Amino acid sequence: MTLNDIMFYLFAGSILTFSLLTVTSRRILRSAVYLLFVLVSTAGIYFMLNYNFLAAVQLTVYAGGIIVLIIFSILLTSHVSEKAVVAPVRQQIFSALAVAAGAILTILTIVKFVFTPTTSPAVDANVTNVGRALVSYNRDGFALPFEVISILLLAAMVGAIVLAKKEKHLVPSNEPNTNPENPSKS
Amino acid sequence: MIDNIPLNAFLILSTLMFFIGIYGFLTRRNLITMLMSIELILNSVNINFVVFNKFLYPNHLHGHFFSLIVIAVAASEAAVAIAIIINIYRNFKSIDVDNLDQMKL
Amino acid sequence: MSSYAYTLLIPLIPFLVFVFVGLAEDKLKGKLGGLIGTAGLGIGTFLSYYTAFKYFITDHVAGTGYTSLKAFEITWLHLTDKLVINLGVLIDPISVMMLVVITTVSFMVHIYSLGYMEGERGFARFYAFLSLFSFSMLGLVLATNLFQMYIFWELVGVSSFLLIGYYYEKPSAFSAAKKAFIVTRFADLGFLIGILILSFNTGTFDFQTLTDPHGLAIASKGGAAFMGLSIITWALIFIFVGGAGKSAMFPLHIWLPDAMEGPTPVSALIHAATMVVAGVYLVARLFPVYAQGGPVALEVVAWVGAITSLFAAVIATTQTDIKRVLAFSTMSQIGYMMLSLGVSGYGGEEGLGFMASNFHLFTHAMFKALLFLGAGAVIHAVHSNDMNDMGGLRKYLPITHITFLIACLTIAGIPPFSGFFSKDEILVAAFHSNKILFGIEYFVAGLTAFYMFRLYYNIFWGHDRHYHHTPHESPKVMTIPLMILAFGSIFSGFLPFHNLVTSDGLGFESHIDWMIAIPSVLVGVIGIAIATVMYKTQNALPDKVAGSFSFFYQWAFRKFYIDEIYLFVTKKIIFNYISRPVAWFDRHIVDGTMNGIANLVVFVSYNIRGLQSGRVQQYAFVFVGGVIALVLIFVYAL
Amino acid sequence: MNILTLFVVIPVLTVAGILFTKDLKQSRLVSAIGMTAQLILSAVLVYLYVSERNAGNMAPMLFMYDLLWFPSLNIHYAVGVDGISVAMIALTGVVVFAGIFASWKMEFLSREFFISLILLATGVFGFFISLDLFTMFLFYEIAVIPMYLLIGIWGSGPKEYSAMKLTLMLMGGSALLMVGILGIYFFSVPTGGQLTFNVLEIAKHQIPIEMQRFLFPFTFVGFGILGALFPFHTWSPDGHASAPTAVSMLHAGVLMKLGGYGAFRVAIYLMPEAAHEQAWIFIILTTISVVYGAFGAIFQKDLKYINAYSSVSHCGLVLFAVLMMNQTAFTGAVIQMISHGLMTALFFALIGMIYGRTHTRMIDEMGGLMKIIPFLGVVYVIAGLASLGLPGFSGFVAEMTIFFGAYQHVDMFHRIATIVAVSSIVITAVYILRVVGILLMGPIKDDHFLHLPDANWYERLSTITLVVGITFIGMMPLWLSDMINFSLAPLIHKLATIQLPGM
């Protein structure tokens, strides 16, 4: 067993462990942190696969951006010490069963299926190649998805702002005494 | 570099991650943790894309770019979702998904 | 032939009067409506007498029989290729005789009612209905075919209904009207079924074709059998059911006593002289078919007639309502007529019963109308129907008294009044046919004399009651019809019926059989004598007699509980055990099933609604489950 | 323009006219004008039809017009009339006319009311003139839908329930009908070639007997539900009881006739072989309808329920006659449809007027009304007498024709069914007289009723129109029966020539 193997199983192990912890931890903030570990480990996998640019994006956007966003929202919506309400046991069992069945099915399919890799020479996924492909509008270029994504991001940004902005009388408040100290806010 | 690790190992890893994500989505009551489960799912899918790219079609970078796009989508999705969550929280004083059955009316 | 076309006017004038008076009822002040009606019927009466005169005397070629002829006919409706409903006017001996009877009695009643109904609310309405009735009855007797007869049969029924229910604010009057209509309607059901069978098997409604001795109806008497009798016989029995209903034969008689709730002139016209003999007329009309196509049906007719006459006479001896006594008497007399038809044969001397029946119908119409109108005059004077409220009226009502006495003697069969002649013919006919029936009729003759004189003595003799005001004789407009009818009662017996109205149109020699006549007169006299002893003066004898037969008396007084049986069947059984369950069944089972289906849909959707809970996780769970299931199916199972 | 198309155009124009009105007075005026025009048009049509026939035009359908409007399924706007349709159109004209005047005082949402009412009439007129099954079905649906609104909005009592029930059951019928009609369409030309919805075209061919066996029950029951076939009649009592006057009139008077007409024109005409085979089942059902409806009516206390059950009985007689499948019975069926249409419309009109005065429909709460409102009382008695089959009124003609037609079958089964059906005349008499007795005769029960006003001019107009129709047919049935008889010739011919498998 090479070091590479060990590295892989280490990453895989941490991904699975922290994934499980993410979805089972009763403290939301901890879940977020566990998620961060999962994402970082995933980035490690990408590194191992030699997709350095992707791994970097994964680290910055996911681990850096999204997790921060999530943590902020957690802090906004609940107390740090607050424990998440757990679903009823029945729901957990059924979900687990369904999930297990799904996983087994999928894995069985994967195992049974014979993959045939292409024999064409590989392309190195270095930053140059990636960058070139990203803005190329040739047959293997990704200029159009790139633009689409940029528009999507813009739209998401605008949407997020609009949604999160406090709007007056969005829902008529049934409890006018909720914020008695700050009536001008609502 | 990692050629001796079989493709199936990656796929099984991503499958498990995917279903763990689904499990989380099904069982967590908190909207934010559900969102995190979705991130897990997306992540597992990303792994698949990348691995297929690497092992089966190294002559292209399609899987790689797909992952990139997914990450971007995930980011914007997270942003919008969190905006919605905050909005919901403001209106319902709760982000427990069980309280949010107004949709059926 | 068309020289009789004017006869169409006889029914048509009353119809027009009905339409006019009926529509303009509010506008006709005072007696105007009545006068119009009376005038219209007067014309009809004149035309009828003219027709009778013309048919029987002027147009008759001596030595030949009377033929039947169609004065007028139009097609009213096509049913099938063969069955066509015509409306027309048929002139033959019995229809002409009936014309005379109906118009005479109706005209008398019209005149009489001018006095009797004076000041009643709806005076014009009364005359409109009377005209409607006259129209229907005339249309009935002039019918050229069975179906026309049925049409007018129904119309007669409805006009009777309207007239019985004339005092519609009185619940008893309306329920009597309803009862009359429904009972006769029930009988008409039999009539209709009979028509259906008969017309299907013969392919015609027409009387001339039906009664043709070589026609299908008579020729097919040995045809397809059902329960031992030929189809034609069954048809005839069914038709007789209709006739029995109209003529109040046992056991369909229950409506007639109640029908006395109507105004008395109506009882005289409809429930004594004309409508109730429609059944007799019906059998007489189809007599050739009965006699030759279904002798068994004729036996049924005879027995039903005999039983009814006995049954009604027994009840009549116990009743105290004078109109009801007369009603039962009517039933009894119609029973005579039916019996007479039933024992008759066809043609020549054999047809004595047929002749006797029509003869009796004629005389009965006169004297029974007289009795009813007389009773009306009495009621008019004392404002009561109950003979216990009457007595000693002969001083106050001299004309009524005399005419009533004449009528009583007539019905009792005392010579030389007309009832003697007609009843004698019936007894002779019965004697030659069936001794048992003959015996019954002898007994009934005695009973008749007894109850009529019981009635007579109770009204006009005995001691005075305390009247609210002194009874006084009715106005002339009422007494003159009484006198005319009394005249008819006395002398109509001398009409040569055996030459005029016979089963085959040919006259035959008839003579009084003194071997039968003398005992029958004696029986009548004995009946009168007993009544005289018991009722002429107030004494305790009637109560004693009643007491010694108390059980039987009670039965007879209660009309043998037939009404109660009917009530039990209709109210208890039909109403409670058919109609109520049907209503319940409809509401709960049939409708319940429909509602059940609807509720099932609601139930299912209510439960399905749970799936659409709005809970994202539940959706996701189903989604995942669905995906897994699909994978299982498509990847692993296939 | 084709005269038949006018029957659809005039109501549509009337509806358009009502849209521009402001209040009750205007909208009822427009409706009255439109429907009077319609009535006159019906009369003109009858006249034209009769004169055309007298001129020797022997075509099975007159005034034909054909317009392809949906080519890919070969759906035409094909119209044409024979004696039967003409008679039904005349009936509809009279009933709608009377219905407008019966709802002269409809204050609540009057504009919408009249629009719905006339839309309903449009559907009915369209149904009767159509020769194309699909167009016929379309008009049928047009007639059914406004019903829901009319009962649900302007009804009384449990109106939502009744409206829902009525509409759902009729829609259930439509669903069955749709199966039947599509089935007929797909097997309309068994020899191959362009499929068609046109009744006349289909009638030229024989639909395969196996398909007929399958389709006939669908079609017949589909129409039968509308014709209150036992046990699918329960919408009728509730629906009628809740519906406003004019709607009850139209519904019982005309819409229920769509069932009988359709059963006759589509089910029997196009599938005579299967009809022959399966008639016995439906004869049993309709015989039950006839007697059962009458018995059901005896026990009711609500005037409208009584009349609704009586409609079940009378409409049962229509279907009964249709199933007897001979000329006389068919004629009787059509006359009965017309007669019952007029009578029942009259009844419902009267009930509405009485209800408008006494504010109750329970017969035991009323009594002696004859003395207070003599006009309505007399007309009620006339309607009752007509309903129990008194000669001189249309009911008698119809019933007699049916009974005699039905009795022409020689076998015991038909005979017994006929005799059972005949017995309904007695039961009918019982319930009619019961109502008349309790309602109109006897002493006045409630002093509040003492000063009720008698009929107004519009009420008189409405009822007299119907009474005249009833009496006219009752007195002179020959022209009507001849008109119908003539039009039955193609069907009778078809019936005579069919090969009956196994018979």
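The first chain written gets the first letter, and so on, giving A, B, C and D; residue counts start at 1 in each chain.
Keep in mind that, in the parts below, a contact is a pair of C-beta atoms (placed from the backbone, for glycine too) under 8 Å apart; a residue touches a chain by one contact, two chains touch by 3 or more.
This is a predicted model, so every value here is computed, not measured.
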Out of curiosity, which chains are bumping into both chain A and chain D? C
Chain centre separation in whole Å, for chain C relative to chain A (CA means): 101
Chain A to chain B: how many Å between their CA centres? 5
Based only on mean CA positions, could you tell me how far chain B sits from chain D in angstrom? 65
Distance between chain B and chain C based on Cα centroids, please, to the nearest Å. 97
Please list all residues of chain B that touch 2 or more other chains. 22, 26-27
Of all the residues in chain A, which ones touch at least 2 other chains? 87, 91, 95, 98-99, 102
Could you pull out the residues of chain C that touch at least 2 other chains? 617, 621, 624
Touch-based graph of the chains, sorted into line, ring, star, complete or other: other
Could you please write down every pair of chains that are in touch? A-B, A-C, B-C, C-D
Within the complex, which stretch of chain C touches chain B? 612-617, 620-621, 624
Complex contacts: residues of chain B adjacent to chain C: 22, 25-27, 34, 97-98, 100-105
Across the complex, what residues on chain B touch chain A? 1-2, 4-5, 7-13, 15-24, 26-30, 32-33, 35-37, 39-40, 43, 46-47, 50-51, 54-61, 64-65, 67-69, 71-80, 82-87, 89-91, 95-96
Under the definition above, what is the set of chain C residues touching chain A in their complex? 617, 621, 624-625, 627-628, 631-632, 635-636
The chain A residues in contact with chain B across the complex are 2, 4-5, 8, 12, 15-16, 19-20, 22-24, 28, 31-32, 35, 38-39, 42, 45-46, 48-51, 54, 57-58, 61-62, 65-66, 69-70, 72-74, 76-78, 84-87, 91-92, 95-96, 98-100, 102-103, 106-107, 110-111, 115-118, 120-123, 125, 129-130, 133-134, 140, 142, 145, 149, 152-153, 155-157, 159-164, 166, 170-171
